[in-house]
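Report on one structure; see the data block that follows.
Each chain carries a letter (A, B, C and D) given by its place in the written order, and its residues are counted from 1.
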């Protein structure tokens, strides 16, 4: 009997989830991100970017009078939790669009997005597999392949570097980065002389750096999502002779402010915050308006533009309609110009060099 | 001289790991609890010291504050949680789960207050380098070696030369006998938790000084340290410290012959095989 | 109600894992923290067979169970030589080794990228793709698991295992082979974990190492302890409660930016309080 | 004629301690033999050596003409020898009946295959065995306590249960390690009567015993062990009458 009562309690609690009242004029969106655990270092930044964008719109009265609310769910970067939470948002809240990050959880939710016709919006993960995972998975950031082709070509042709070593994070993002760079650099005519992974979250790069330095590459290509300031310190420590090149993850204010990052070059998926925005963001959250918050701010802007269009056209806000609206609008002018010819956005890519604690653009590659 | 660089790097890392291992060894040998929240105490030490620094305290005073807070937290954990569980006859599995719960509380508390971003101490002297035997070591790394050796020596002195240390070893070797004599094991447990927690604050500050603070940063370090403690032989301070250095050096040197992604796996593989041949550790009595 | 059915299907898969863990840890007293590794091998093998060969789903599950039987026997064998705390840490080493293999053996497991696109189970020509349909399969799986567990626990084998947990020497003195009993129990636990792995891979259609790491092994232990070690009912209720708990905690209204951390903090507090006041779990015997 | 149990030249050394030294003796079928000697004389070591828990450095053990050298404990039980332990080693969280069942051999469903695939057969035979276990319990007078957890039994009852548990194995030679220690009064009388009864039913008993009164009353033969060596072998009267042995036996204690 007691067992039955306990079961009944849980059933009731779960049921209560279903009957949460929703304000009539509020449009609800979802986000399934790693908000706790080791992956939270990126997930919480993404969360702040979305929240900031939504707060901004709501402060101006919302979209055509409709307030936007984002329900954040914590998947701890686990695929099973992601699937459960996806179903929770879609089933109980009838959410038309869900923000996601990290390739594993995004890939786990992709088949559901297809079946449920729910828009999945990825603003941070760049693994190539995300490009064609589902017609409903929209990437507001280019996959790594395009960006790294730019970098590899620049390094070989413009900077004249013939040999390279790769330091990559041992997760989907890092492995995709390694593969893409390796392909592009060798295609350009260069040679990869060494490659070493580091575990995600581990900021002790020294053993890997020492080994890579021993291969005497002309340039070291780095693809790690966080801990770049520590990397700069450790590269300086071994008195490295090689050039250091990175992808857009190097657009980290803390790295740029680090004197040891002097001379690092990197590609940047162009994203610029207007004057005062970065300061306002920092005032609000106490953290920098970094690469990931900016990207998710942009992703949120894209989704909200689609909502605006649907409201104007008097269409219901469903995943299917949002997707149609996205391709109708096609070009979004948010923090950067984002063009959707396919599910994956094309944006302007810059080649930057970090000099005197500032990020200077040395070359511009417009969106294709 | 790649191998020399890797070796030195391994020794430095081994000293950091060794401090965690020795502190865990003191606690584990005496209480026999899988105190996984030790990783959270390690993390807490770093964040408290960071806060004290940001409030304008000089480095040494900030470290003292961190150590004191950790010691108090350690004693409180023993007194308020483990002792109660132990009195109610809880098994080690139950204590392990409670300790996991405590880790979740502490680490997420830290994450809620300080965010999950990697925080930096930003002390310029920490990154200045000195050349030693052809390799460049930072001041933080040198400090890690100094503190590592001092912690080891301190723990040995404590265990073998002080009254409390002798009581601790007596409790560790025979809890039942300790109970019926006047060793008062419960008091000893509290003291040992305070000392072990104070000790783990030091690597808890030194490692993040070098590598940055992360709320969940203590977990991987404690995992490796636990393996050093067990492979060294429970109760052997020398075993714990030595094995920590050996593991760190092996992980570094293994890069000479294999890609880095396999070094952790191979280390644990060797450990499993080692345990089959020496099921009670290297320095077992 | 896909949310509810997804929840039930996942919980049912975890029940199979709970049975596996309970059998080893609760019943025989082999403190294993590497059950998620065995679970992972089952999941990867099923995924591999379904993606790269024309193996039918039931056969893939059977093969996964068979491999995991073998594997679980191998990873449990050290318990015969290495005892107590030393075995816990050995088993912990095995788990970390397995995670390293899952993460880096790109050819077999897809490495850190994981394996997307595991086909849904097909049985009698029907594809079990919707959670509601899949729940049928997982319910059958769980029911079979529970039935096996119940049958062995009421048979002399169950009594033998309980006797072994209490005193291996006395069992040997009564003419019983402790080795054989432990190996049998490990085999059975392996079969549960392996088939759970197969169900998991086909249900999610995507697997990566994060589902089979040390955290997952510890989650299994937590499920068993919270549900109640040593009992069938405990293994069933534990996964249902622990998977529901985050959803229930999500009902607590907390400012967004710290909500997730705060909920995890509450989860930790609940675990502590629960261990203090009900160490035997919801429906368990005192451990 | 070969001896029922023949122990020849057993030697066993633990580090610096010679636990058994050239220890030889035989035991005759159907008799109660008491193994006596001061603490640390090697009595339990002999039990361990006979039952396969300990491999002697040298020496042989043979039972009914069959060598037991190198046999595992469970093989020794199969040959018909079972032992109890000084510290009982009962399964405290099991009932008395379950303890006896654990002693019974050749259970159906003692491995998972039969338990799962022949559940009905398993249940039927188990029901029969449970009744048989009740008979064994009745034999030692514990039939009323069959479904009590061992932890809730009195010490005397636990001692009786130890004997019941090895009776259940069906062994003919019973090695009892201090079956009467810690007992007095009615409980002591009861155990002594049980040992006599077992003898009358054809069992052979080798008993480690400290209480000289008990030895006098139950033993047919006495083996006197000192420092791992067999000092004397004779009837209780002969052994007790020997002043030298009394000196050794009580000398240390007094």
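Just so we're on the same page, contacts are C-beta pairs under 8 Å (C-beta built on N, C-alpha and C of every residue); 3 or more make two chains touch, one makes a residue touch a chain.
Predicted model only: the values in this text are computed from it and were never measured.
Engineer: Give me the chains shared as neighbours by subunit A and subunit B.
Structural biologist: C
Engineer: Which chain wins if you rank chains by how close their C-alpha centre is to the centre of all protein C-alpha atoms?
Structural biologist: Nearest to the common C-alpha centre lies chain C.
Engineer: When I count C-beta pairs in contact, which pair ends up with more: C-D or A-C?
Structural biologist: If we tally the C-beta pairs in contact for C-D and A-C, the bigger total goes to A-C.
Engineer: Between subunit C and subunit D, tell me the centre distance in angstrom, where each centre is the average of that chain's C-alpha atoms.
Structural biologist: Distance between chain centres, rounded to whole Å: 42 Å.
Engineer: Starting from the mean Cα coordinates of subunit B and subunit D, work out the distance between those two points in Å.
Structural biologist: About 50 Å separates the centre of subunit B from that of subunit D.
Engineer: Could you please state the distance in Å, as a whole number, between where the Cα atoms of subunit A are centred and where those of subunit D are centred?
Structural biologist: Subunit A and subunit D have C-alpha centres separated by 73 Å.
Engineer: Using mean CA coordinates as chain centres, what's the gap between subunit A and subunit C in Å?
Structural biologist: So the centroids are 33 Å from each other.
Engineer: Touching two or more other chains, which residues of subunit A qualify?
Structural biologist: Residues 36-37, 40, 44, 170, 285 of subunit A each touch two or more of the other chains.
Engineer: Residues touching two or more other chains, restricted to subunit B: which are they?
Structural biologist: If we look for residues of subunit B contacting two or more partner chains, we find 108, 111, 116, 261, 264.
Engineer: Using the touch rule from the top of the page, what pairs of chains touch, sorted by label?
Structural biologist: A-B, A-C, B-C, C-D
Engineer: Would you tell me which residues of subunit A are touching subunit C in their complex?
Structural biologist: Within the complex, subunit A touches subunit C at residues 3, 6-7, 10, 13-14, 16-17, 35-37, 40, 44, 47-48, 51, 72-74, 77-81, 83-84, 87-88, 90-92, 103-104, 107-108, 110-111, 115, 127, 129, 133, 170-172, 174-176, 285.
Engineer: Hey, which residues of subunit C end up touching subunit D in the complex?
Structural biologist: The touching residues are 148, 151-152, 154-160, 162-163, 166-167, 169-177, 180-181, 184-185, 187-188.
Engineer: Taking the complex as given, what residues does subunit B use to touch subunit A?
Structural biologist: 2, 5-6, 9-10, 13, 108, 111, 115-118, 120, 127, 129, 136, 138, 210-212, 214-217, 219-220, 251-252, 255-256, 259-261, 263-264
Engineer: Which positions of subunit D touch subunit C when the two form their complex?
Structural biologist: Touch list, subunit D to subunit C: 51, 53, 72-74, 76-78, 82-83, 85, 89-94, 98, 101-103, 105, 107-112, 114-116, 119, 122-123, 126, 129, 165-166, 169.
Engineer: Mind listing the subunit B positions that touch subunit C in their complex?
Structural biologist: Per the stated touch rule, the residues are 28, 32, 34, 81, 84-85, 88-98, 100-106, 108-109, 111-112, 116, 223, 226-227, 230, 234, 261-262, 264-265, 268-269, 271-272, 275-276, 279-281.
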